[in-house]
Amino acid sequence: MSKDVLVIGGGPAGLEAANQLKILGYKAYIVEKSEKLGGHLAKWDRLFPESISASETLDKLLKPINDISVFLNSEIVSVNGTDGSFSVLLSNNITLSVSSIIVATGFSLFHAEKKEEYGYGIYDRVITSVDLENYFKKHSDNRIINPKKIGFVHCVGSRDEKVCNRQCSKVCCVTAIKQACEVKEIFPQSEVYCFYMDLRMYGRYYEDLYLEAQSKYGIRFIRGRVSEVSEDENGKLVVKAEDTLSSKPLKVTLDLLVLMVGMVKNDDNESISNLLNIRVGEDGFFKTANPILRSTEGDSQGIFFAGASTGPKTLPETINEAKATVLSMHNYLSKQV
Amino acid sequence: MIVNGKQKIWSEYQKEIPDDHYFYVRSCIRQNFFPASEKTFLDIVRNKLNLDFFETEHHTTCGGIAYHSDTIPQETLMTIVARQFALMTESGYKNYVASCITSFGIYTETLETWQHFPEFEEKIRENLWKATKREFNKPEYLAHASDVIYKLRDKIAARAKHRLINKFTGEPLRVVEHIGCHYSKMFPSKGVGGAEYPYVLTGMIEAWGGEIIDYPERRHCCGFGFRQYLVQANRGYSLSNTHKKFESMQPFKPDMIITNCPGCPYFLDRWQYVIAEMEGKTYGENSQGIPVFTYEEVAGLVLGYDPWDLGLQVHQTDVEPLLDKMGIEYNKADKYKI
Amino acid sequence: MKERLIFGYDPFVLPFTLGMVFIILYLLVGTVRIILALDDSERKLILKSFFPLKLFKSIKDIILDCLIHVKIFKKNPLLGYMHSSIAFGWFMLIFIGHIEVMIYTPQRTGVLYYPVFFRYFVMETHETLRGSFFFFLMDLSLLLVLTGIGLAIFKRFRSKALGMRRTTKLRLGDKIALYSLWAIFPLRLLAESFTANISGGSFLTISINHLLNAFVTNPDYILPVWWAYSIALGLFLFALPFSRYMHIPTEILLILLRNAGIKSSMSRNGYAESEIYSCSRCGICIDDCPMTVQKRNIKFSSVYFIRLLRRRFDESINTADKCLMCNKCVEVCPVGIDSTRLKLLKRQEEYGKSRTNYDYLSTIEYSKKRADNVLYYAGCMTHLSPAIYKSLFKILESAKIDYTFLDSDGSICCGRPLMLSGNLEGAKNLIKKNRELIKASGCDTLLLSCPICYKIFNEEYKLKGIKVVHHSVYINDLVKSGKISLKKSSDSYVFHDPCELGRGSNIYDEPRELLSNSGVVKEASKERRESICCGGSLGSLTLSYNDREQITKASLKALLENDPDKVVTACPLCLKSFSPYNSKPTIDIAQIISEQLINS
Amino acid sequence: MVDFGYSLSPSSRINLDNFDQGRLTILSKIEPDLIKCIACGSCAASCSAANFTKINLRKVILLLHRGLDNEAVSLIEGCMLCGKCTLVCPRGINTRNLIRSILKTYKEV
């Protein structure tokens, strides 16, 4: 019974899973399709709710990886065998024979261009939450020049059947509020508006962050989805929404608009599910064996899930799930002889 | 404004428009509003570009106005549409082109409905047979007349006598494009350039030398809105819509407006007069209005037709300022010839 | 006996005399100003008050309050002794001084300075019995005062010993007056001792005189000491109006006016002025103000409010708005200043004009069936704690008493909160409408479970022929008249006196009597008239949520002193304030009783 | 000016661009907790006067932040200052004094 395990995806879930595998004495292989490890975490500056540094967090995840074999810029081409012995062919022509596979492929960020009415990539001062995080890291972005009025649009590409994503991405509300506060730190004179449909402050300290956003930073909250964005003669952004709490249409001219892009399924989920002979749900994320009791297991033997590959999750949830995944995989393999 | 961003979107919304052999149907209200536009269209495609556009005096209204004014049910509407298709089939055409945006919308809506509810189509075929003993094939290609001009824009540009250039400054004319709501708002994939940033008119303007300006209320309805205009009690809303658009476009100092819908040019033109009378406010240079045109009229001007043959004298907002900018010769007296 | 100086004058009397003249004029002008600010009806009251009976009461009060200071004795004996020894002793000195003048030098009667410096001008042998008697009395009084002064000086440094945690800060005027006051009597002792061998003296002065003669033989030293004594007096008198010690003369006027039945009608003028000047800034109210659990809120206690008023500073409105109106400071004030009323008046002057209108009230009509004898009005707050009226109804039903629930589907507020906010005009609208509805019901008893409502229904509504009663009293009567019977539980309770019920309406015993039928009633460390506000009071307009929280906790601490099983109150607002912070259950009295009912 | 028997209908749209925050700033100084409102509506739901009037404090706070001062003030007409809303406010806003301060700041007598 081989102790080799394949981890698909080098994001937080994959890294944590690999670490746990190592601790339990397994040999983990990480296959990462991009050119570096870290996934979306690498794009972030600080993490909600206690604004812990993303890079430090990533370093901690990467540290134990050094002696684990990682294949970058590579994907799986074919998988043969089932039940505790798979031979996997990678795009770099390496073949691995492993006893089980952990799918930690995560999620993709919604392409803001698809919400054409918001004009991302068309209006100069419309950016995404990712662009903003990048600005927080690099402190430079030619679209952000001392803005006086800033808007945040929640649920861009989430809870929106028109762009084929019905799910809530879970993290955007609190991220928006985190970023709103951070932006206010940098531009204390600015007026900041959040356009939300619901504020889903479900996690520990999230509500506190919300309260701080109100009372300390004076962020203005407008309940209503932005309907359309356009440029006025000075290149400022004219934003329209309904202020649903007063049931009146509302218009405001802004210098910067931040789109909170949601978590969507990866385009290659379909092909991976075919290779591994597992299923994807209606939302395009992978289907688990049992959503409550076996949420880390795939419905074909030896296949496991960790992280956002089975739907939007926060980082702590992802890390915890990676641990749980390895444990249930360990239990599974111990039964095989 | 990042132009290649728009181009990216345009590239995603390209619809197939046949080059030739169309069954052409006119619009009810354009006959009265801008009668010369359809005449010009046919003259351009038939005589200037030698293409095959067939039309028959037997076609009727598409029923759109009645439908959108809630006076006839969808089933009746579809039967009328089916009859038009029957006429096309009988005269051996496969490409259907409508002069009216509302009709275009109605036809698209009908075809889409039939696609999702085939049983509905069957019922309509039945109705039509009972009523007229006619049968029909669905058109292979459905186009709006502005799609055709868009397709031919470069051919027209090649034959241009005038370009959309301000001869006094040498600058491109600043053009506001207004798309009829029923062109692509309901079915974005059915319009050139989609719903948010339609390209059909922009393409013509670019080809003919003008410069398109985008303004906050660009997407806004012209104000016709059927019942909004037709019922006098609501007419204030119709007017307010148009007013909102003009307030929003004024800072961009447009030289002209180009439209692809029967109602829009009418209301953008007439309401400017009403606002001037009611509020004493005008939106063009030296307290004149902003001239409003149909795309056929603009094409006509570019190809060197006589303004008065294009029926520009029936516009309520004077077009002379634009003609002067384009350097078009015209005889003042002829404006009032019968 | 004979005068040492025939012309009975020496320049050293000037400082005192001028001071005396100044203060007399000042007081006259002040009194006239106050009288003028009163309206005719009030002036009539004053005239009436000069009839013997009332006058006698006033004199009694003056003696008890201004000389003996009984109230302060109650607060703390030592503190009381300090005040009365100084006040009474000094009074005796002046009083006997005048008698001496009248007896020995009648021709000098009415000369301002004569009684004060009598010993300097008059030589008298103390051999005669009469003489020695007076000498003795004078020395005795002087000794009395000196002990008081001694205590006063001691209090400056250790106020706790005299039962005061916090005292007020002194300003320049106070300091001059205070130190000169301290100086006066030792100097008098010194001066009189110097002259004791010439003018005679008694056990105190004579003995010191012998002591002095031992090393001071030169009589030239005498005069400067008399000068010093006179200057001390002069300084004190001049500083008086600009110091807290102005209360000494003003309080007399205050008592006269109060006994005449006059109340303040403006926050600064008329009667209010006499109250303001009667404030000795003793600071007793500081410790008792619930807000002062937080040091930073000391500035909002009544003593400082009155000081702001006295100096006509605008900030006074902020303090007025902050106040909980729990009335505790009024209860403990030794001078009996109704500062709560002053704050209310201040609010009225600021917001008196109603900025909102109540026309909609006119459309409301009495929709219930004609009421049975008992009409119950829950009021706004009780609607947030339905357990209260549910329990009350259970009790009424068990007592077979029919009742009608006036505001079962929402109330028009009783008007008390609006009144407390200073909007008297607005409150009148609500009172008018509620009165209509109650009259329309045809009830003979109006039953209330909210002390806030109770107070205003009781005091402002003037419901002739209708008995207004708070449920704690009403239920107690039911028990006493045997209409309901209760089984005793093993629980122990502490009863929180709601401000509006206790200090506000003087109901302390009935609730306790009632509770004792169902369990053991334990004492709180502060209760009855000293009970600490729950912090929720509608009296305060601007007190923040967090400040209130601190008060609630302090109040609870006092209640839980003797570790009761349950905290019982009789006010929906107190209930709401305590519940979140109370480690023990907080329960309305009606609920307690309803659980102990024996159903016959 | 000609009368055509119809006229421009006033827009109901909130335009945050021309919103003078002067008085709101004053108000926020008096009651800083104002901005802590989460629009839960407890105040409006518990209001005694709401049985008889259009009072809705939740909406008042909102409208003040949208610059619709008159409409806002009209929605506290007839408040009896009973203080129920203060008791139920989950964010601990001193609504009672807030109402008083709004009337004072926005309604001259």
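Each chain carries a letter (A, B, C and D) given by its place in the written order, and its residues are counted from 1.
Note that contacts are C-beta pairs under 8 Å (C-beta built on N, C-alpha and C of every residue); 3 or more make two chains touch, one makes a residue touch a chain.
Here the structure is a predicted model, which means the values were calculated and not measured.
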item	value
Per-chain Cα centre nearest the global Cα centre, belonging to chain	D
Highest C-beta pair count, chain pair	C-D
Whole-Å separation of chain centres (CA-atom averages), chain B against chain C	87
Centroid spacing, where centroids are CA-atom means, of chain A and chain D in whole angstrom	39
Distance from the mean Cα position of chain C to that of chain A, given in whole angstrom	67
Distance from chain D to chain B - Cα centre to Cα centre, in angstrom	46
Numbers and ranges of chain D residues touching at least 2 other chains	33
Multi-partner residues of chain B (each touching 2 or more other chains)	none
Residue numbers of chain C (touch at least two other chains)	none
Pairs of chains found to touch, sorted by chain label	A-B, A-D, B-D, C-D
Sites on chain D touched by chain B in the complex	1-9, 11
Interface residues, chain A side, partner chain B - complex	113, 116-117, 119, 121-124, 228, 230-233, 235, 238
Contact set on chain A toward chain D in their complex	193, 211, 214-215, 218, 220, 223, 243, 245-246, 248-253
Of all residues in chain B, those that touch chain D in their complex	232-233, 235-237, 239-240, 243-244, 274-275, 277-280
Chain D residues touching chain A - in the complex, by the definition given at the top	12-17, 32-33, 35-36, 39, 58-59, 62-63, 65-66, 68, 91
